[in-house]
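Lettered A, B, C and D in written order, each chain numbered from 1.
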Amino acid sequence: MADQYKLFINGEWTDSEEKVEVLNKYTQDTYAEVAKAGEKEVDQAIEAAQTAFKTNPMPPYKRYQILKRVSELLQENKEELAKNITMEAGKPLKQARTEIDRATQTFELSAEEAKRIHGEGVPVEAAPGSENRMAFTIKVPVGVVGAISPFNFPINLVAHKIAPAIASGNAVVLKPASATPISALKLAELFEEAGLPKGFLNVVVGSGSTVGKQMMEDSRINLYTFTGSANVGLKLKQNTGLNKLILELGNNSPVIIDKEADVQMAAKNTAQKSFAFAGQVCISVQRLYVHEEVREEFQQAFIEAIQELNVGDPNDAETDVGPMISEEEAERAETWIKDAEKEGAKIIHGGKRNGALLEPTVLTNVTKNQKVVCEEIFAPVVSIIPFSNLKDCIDELNESQYGLQGGIFTQNIDTAFYAAKNVQVGGLMINDSSQYRVDLMPYGGVKGSGWGKEGPKYTIEDMTEERLVVMNLNQDV
Amino acid sequence: MADQYKLFINGEWTDSEEKVEVLNKYTQDTYAEVAKAGEKEVDQAIEAAQTAFKTNPMPPYKRYQILKRVSELLQENKEELAKNITMEAGKPLKQARTEIDRATQTFELSAEEAKRIHGEGVPVEAAPGSENRMAFTIKVPVGVVGAISPFNFPINLVAHKIAPAIASGNAVVLKPASATPISALKLAELFEEAGLPKGFLNVVVGSGSTVGKQMMEDSRINLYTFTGSANVGLKLKQNTGLNKLILELGNNSPVIIDKEADVQMAAKNTAQKSFAFAGQVCISVQRLYVHEEVREEFQQAFIEAIQELNVGDPNDAETDVGPMISEEEAERAETWIKDAEKEGAKIIHGGKRNGALLEPTVLTNVTKNQKVVCEEIFAPVVSIIPFSNLKDCIDELNESQYGLQGGIFTQNIDTAFYAAKNVQVGGLMINDSSQYRVDLMPYGGVKGSGWGKEGPKYTIEDMTEERLVVMNLNQDV
Amino acid sequence: MADQYKLFINGEWTDSEEKVEVLNKYTQDTYAEVAKAGEKEVDQAIEAAQTAFKTNPMPPYKRYQILKRVSELLQENKEELAKNITMEAGKPLKQARTEIDRATQTFELSAEEAKRIHGEGVPVEAAPGSENRMAFTIKVPVGVVGAISPFNFPINLVAHKIAPAIASGNAVVLKPASATPISALKLAELFEEAGLPKGFLNVVVGSGSTVGKQMMEDSRINLYTFTGSANVGLKLKQNTGLNKLILELGNNSPVIIDKEADVQMAAKNTAQKSFAFAGQVCISVQRLYVHEEVREEFQQAFIEAIQELNVGDPNDAETDVGPMISEEEAERAETWIKDAEKEGAKIIHGGKRNGALLEPTVLTNVTKNQKVVCEEIFAPVVSIIPFSNLKDCIDELNESQYGLQGGIFTQNIDTAFYAAKNVQVGGLMINDSSQYRVDLMPYGGVKGSGWGKEGPKYTIEDMTEERLVVMNLNQDV
Amino acid sequence: MADQYKLFINGEWTDSEEKVEVLNKYTQDTYAEVAKAGEKEVDQAIEAAQTAFKTNPMPPYKRYQILKRVSELLQENKEELAKNITMEAGKPLKQARTEIDRATQTFELSAEEAKRIHGEGVPVEAAPGSENRMAFTIKVPVGVVGAISPFNFPINLVAHKIAPAIASGNAVVLKPASATPISALKLAELFEEAGLPKGFLNVVVGSGSTVGKQMMEDSRINLYTFTGSANVGLKLKQNTGLNKLILELGNNSPVIIDKEADVQMAAKNTAQKSFAFAGQVCISVQRLYVHEEVREEFQQAFIEAIQELNVGDPNDAETDVGPMISEEEAERAETWIKDAEKEGAKIIHGGKRNGALLEPTVLTNVTKNQKVVCEEIFAPVVSIIPFSNLKDCIDELNESQYGLQGGIFTQNIDTAFYAAKNVQVGGLMINDSSQYRVDLMPYGGVKGSGWGKEGPKYTIEDMTEERLVVMNLNQDV
């Protein structure tokens, strides 16, 4: 029988009638069953969070201790947690292990940042007529954070929401992706072991259309943090009153291979970064803009590097590319490829699908209005687009509705910083692909790619309010 | 004949068929006629802004020079600008003069901040595996700013939008309040004189339901900055896609008079700050929470101080309280007062209305669900609410949907900082009323009072995007 | 036979001919013998540090790991380390335990700050003519840090020097106080266990006149960090060429008891903070300025609180006040007391000496030029000085050559912040004594009390150099 | 008869018996006579500064207004001030004009920074046991600043000292270089016109051995700021007790021409920046490290660019290179050149001297221990040093006792940032020479090049003390 999991509400493991079935994404067998949150459970979770926040504030050092302990527990349970990710997400084991290491960093950093929250002096005495004032700001938590997380990093993208939320003194209601809820529940177990007081973390499992919708409409939630599609992000913006938002949405990440690039290095790097977790990463390379002078050399080296990737069973520690999250998603991506093909695109590598497993696929001869180029494909599919003039290339790639991260490979300093100044993204990588991320850095997009930044230090800024305190002082003492 | 004004689009003064009539708010005569923007003009304005932004970026020092020049021109034209405010807004002349002085500060500060926009280093080399990286952020302008400004500070709340927008390198489309559009047009003249290149500032006059709506739906606008009601703020959030927002909305500002307050000082201060510009200030004192031990003394001193206020013709340089923006608005406020009276509230001062002129009004015996208490009254009306326990008092006043600014009068340091930590507002004034503002400070609310902060330094942060640049460096040189 | 200790040079435990004898400060018996560094050993230590720094740079995360591990080892070895402090310093055991807890914090914070060292953007493009530039700063370690530490916190004041030094990537040569060298050597053992590469920490034991002098004259040391007397601090400034300095020197800490103070609380607090470790703390209360209106009440409560202190054997876990560091030092303090007495001072508590043990002593009727007032007494001796006018009181206490920390007890916010603005110290405590310190805060004096700040974040700023990098960029790419 | 100038003490123009004769540096005729400060005048100046500081503090906005007005007056008097610099310093007129423009910036920036001085919050509540605390820092002026300025920028290096000093609320005693005192006195006139209260700026003229020495020994001066030789800097460090210091000392600036440089651009740039004001600039190019692959091309282009420089009468607006400050100095430089020649160096351009006028001189075949290489030559003399391996080149140039600024010309991003990380200087310019400076940037050296940074924002940090204020708050209110 499949493993059974309960909800985590107000410090209690809570069962419910209905269940969410979680599949082994490689075999498509049932892997586990999880209690499904109904209206009552969601309400209890929000109530618990609000009560915890209002009645039991945690001092910063205690938050530090709990989060630091969770970061240690992640390492102590690394193998088990990684295997669970591979099961419920279909993520190749070695990438799952990396995810645990990164989540460890996310918790460690959040713990440390809990001790560094502070305001700043405001020189009101420099305004005419305010010579006798003194002012500074303090940072206060927003209250209840509603977190909605995606399937692709079932631990680390949950970590990026709840660790900074706890670090800044908030209480959390978390709805993990219904495809991959178990990682979040296991994380709740670690929090319990680490001594988190009840109510500060509540995990409710269910679909966006029920649980998500209810959370969206409950005004006790003060801030929503969401990673997922631009469509859902927009809905959140429209339906959450005047509450605060952090949105990490899509991208169709561009990477430029300039004529002065180290082409071999660029080819190896981008081959790795285009297909990790079957391209289901927000900053996975999707659009490769290659200068005509080096296109042939690059294309050859790129294909060779792809051929060295191991495709198949994610449980195999050598696998680089495994299945997509579902057969439906793989079919969708296949359709986009075929649509492009009909309009003249050529598949120069891959293109075949077997169930949820789509081969690493490389297209050429694409045009800029094809979905494989202008939409987020979120699949192991990359298009090579030639260019001859860098400025024109950048103008074109900026036409995207998205702007999360991008990359450029070039040895030339002027070229590199022209790109830095002009590519409209939240992060531009020089001599690296768009897919570079370390957890301490500010991460977040512009345009349709979102609002606010992740990275514990930055998220904490968004999850606290800065209150100005001005003293009108009498010097006659 | 009334003065005639045109729109300012792409550096040209542009007429149109339809006109907006602007009244002298004290006499209710026609004061001026202004060209009304139709669909075409709004489109041209947005187009002009986008083109200016894309094709003619201004270096920081040039932005500084233009904004500094405007700040000087404000002083050179102070008397004329102040008189115009008095005419179109009904604001007492001395308060109008103060507004010009403050706008001078807003431009001066924005000019200076234009030279101080910078990113910061990001220690990516401290992440495991990233030892060879170096990273920093740069700040880039968002693009086209759509600004929608209110009637109550026709110069300075326009200044807080367009000066930081220009300072950070953006182009602006401004829709001023249709009741008071002339100040904005006069400001555009000063910009023209100061040498602003065409297209960077465009002023379109018209109603929210036409011009405002069109702006809201035009995706070429990258960021909206709005001051006004929570209702309209919410609409903007819901109808502007994933674009960025700065919202400065309402408040029903609370001020606490503690038992250890300097009661006489508190009474004089709050009497001034409850009725300035007929209470039509976002942070005007509305709820006076007075400790029972000092209530009698306070109430008497407060009424005495009100009696010293000059009420009447705003053109008189001695006037403290003039008309409200319209008779309709005065009637609305009167209705709220009467509703409260029916439920037992007592008017202990004022309460009478003559056209748009409502007397400074003080209520007691109110209850917390009456509109005069729980909604933003935006009129010269204040309620005295007694309390005996500070913590309970703060819990109660925090029930408001708003949280812009508040104040506390107390000599006790523990009491003062208990309030600072616990009153849920964007700014808490110690020994001053909620209505303290200098233009350099961060200004903005929590909860239903808005998003983002004004104050040039802070607005610039919101009007720029922080882009991360990471270099993957090879040390084998 | 007494325990034997060796020097720690280039990762090796190194013996030498001559020995330093370390006494049990309570019994004055020999407690241990430590190898004494000669000219050769000091030279080797500096050489080792320079070589480690130049040839084996540690990336930030590795520094983090080592320092975090040391902080854990401090807790694992807490009891042993505390007992050693009691032995070699005569510090009461409970204060020694507190010191280990604080050192744990110092290492933990330093570890974390190692991951947060970063520069900032510099807006050179805002200078006329520099529109095409981009600039930022990076922080680089200074190189070899020469640390000279005092006897009074044999672990934590060593920690405040070497933990930030290692955190910022420097190598260290440490000369601990010759009265208390064993704590430093034990700390070196913990570093060794934590995996510090050889050469990054070197401990050389000996007197200031030999080892200290040699360090001072060796130009391979790039920065000196010293805690001790103003005299020695001045010598360091004069004899270290143009090298950098951090100096934490003396103080005769003033605390004000205002007429609006919570007198009972103030009396208890200051009684504790005047005599901890026999007053041998840089920020020990020495001058108590008490308002005449509350003087009698304060004095009585103060004496009562002192009578509750346990005086005697530092090994006893209940002891509050133990011996001074040496009989000579106790005699010196006794002389100062007697000198004051001759000039009219009255001893209202204590005053007797038994070997190195001097009773908690309270003086009244002192004058401002007596050594007990104007010099740093560094003994369990405090003077009560009455005042009637706060401003005059502050003017008088500011006459001190020192300015490390001070305190004021008052409930009045105006009084509190008048003191904050006007008392010339590095840190002013409101409703606490001068002796408040947590390890994360900036700590350091003005005037003759020193240069630079301690607190890991702040020390790291002083132990790194900020290098500006400006790129002259060509936009024709 | 020569113009007569008086001292500026306590707001009065004060004459004295003795005079300092100021020469026209081109003709060596007497240009002016200036009152020479004796012991009495220096004492009065310091007394006046201390009294002004203690009794008449200026609020920030007033400091802003005065400094801003001085910046305007500099432009209004630009031509006169520039001509005076040319006279007393022998600086070519166009460079003198540039200096006035830069000083305008220095004052403008200082004025603006006066309004931006603020502390920051300190999260003491994150320390175990301090949960009830709240803390922040405030910045207070140091008091009396003693400024000693050099001859080479008689206006702008005075500006970098006194403008930030006034901006931060200090009072100043200035001793300008005795060769060029008139610029400083004219600046004092502008301050007077701008309304500076008496005592905040005092100018005393005289030699270092009398006036400088007296200032050094007067303990009423709280901070010394000095630009000049390393020798005098060291003396200041040794003889000013524990007072604070800002030292801007010498350099023998290195610039690297890499094999991937834009050689033509590099040659033109460095030719300009090696000989401006006859090389008497702290960051004048002195050591040109040229990669062997491009050496020939560079050398030819460099000599050609030098030949286009106009050498001669500094009063001529076309002149690029004029006389040195004195014949003695020109003779000293000539001797260094000849010494190098004797040891095998070759003069490939210039080398001849006519009075104080030394031709732009280029040496090759130098060795690293010759004075022309390892000492600061402060003359129009540059050495070309070939290299073949970049890392070795950087190791070698780092052997210098100095480290102010350096430059590298290269198009390769890895090379550029290898240099940025490894060249031991305060500022490294990529694709520009060492001589790049704008007044807003942090400017200052490492090693023997000094302590502290100039640039108004940075100097203000050094000229204020950061005081921590901690509140111990009782939540039972």
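We adopt the following convention: a residue touches a chain if its C-beta (ideal position, glycine included) is under 8 Å from a C-beta of that chain, and two chains touch if they have at least 3 such contacts.
For clarity, every value in this text was computed on a predicted model and none was experimentally measured.
S.K.: Relative to chain C, which chain has the most distant C-alpha mean position?
M.R.: Farthest by centroid: B.
S.K.: Centroid of chain B to centroid of chain C, CA atoms only: how many Å?
M.R.: Spacing between the chain centres: roughly 49 Å.
S.K.: Which integer distance in Å separates the CA centroid of chain A from that of chain C?
M.R.: So the centroids are 45 Å from each other.
S.K.: Report, in whole Å, the distance between the mean C-alpha point of chain A and the mean C-alpha point of chain B.
M.R.: That pair's centroid distance is 36 Å.
S.K.: Return the residues of chain B touching two or more other chains; collapse runs of consecutive numbers into ranges.
M.R.: Residues 115, 122-123, 126-128, 134, 137-138, 412-414, 416, 421, 430-431, 440, 471, 473-474.
S.K.: Drawing the touching chains as a network, do you get a line, a ring, a star, a complete graph or other?
M.R.: Here the contact pattern is complete, since every chain touches every other one.
S.K.: Note which residues of chain A are touching chain C in the complex, please.
M.R.: So the residues of chain A in touch with chain C come to 109, 112, 115, 134, 390-391, 412-415, 417-418, 421, 440, 471, 473-477.
S.K.: What residues of chain A sit close enough to touch chain D in their complex?
M.R.: 59-61, 64, 114-123, 125-128, 131, 134, 136-139, 410-414, 416, 430-431
S.K.: Inside the complex, what are the residues of chain B that reach chain A?
M.R.: 101, 105, 122-124, 126-130, 135, 137-138, 140, 230, 233-234, 237-239, 241-242, 244, 247, 249, 416, 420-421, 425-432, 436, 438-443, 446-448, 450-451, 453, 465-474
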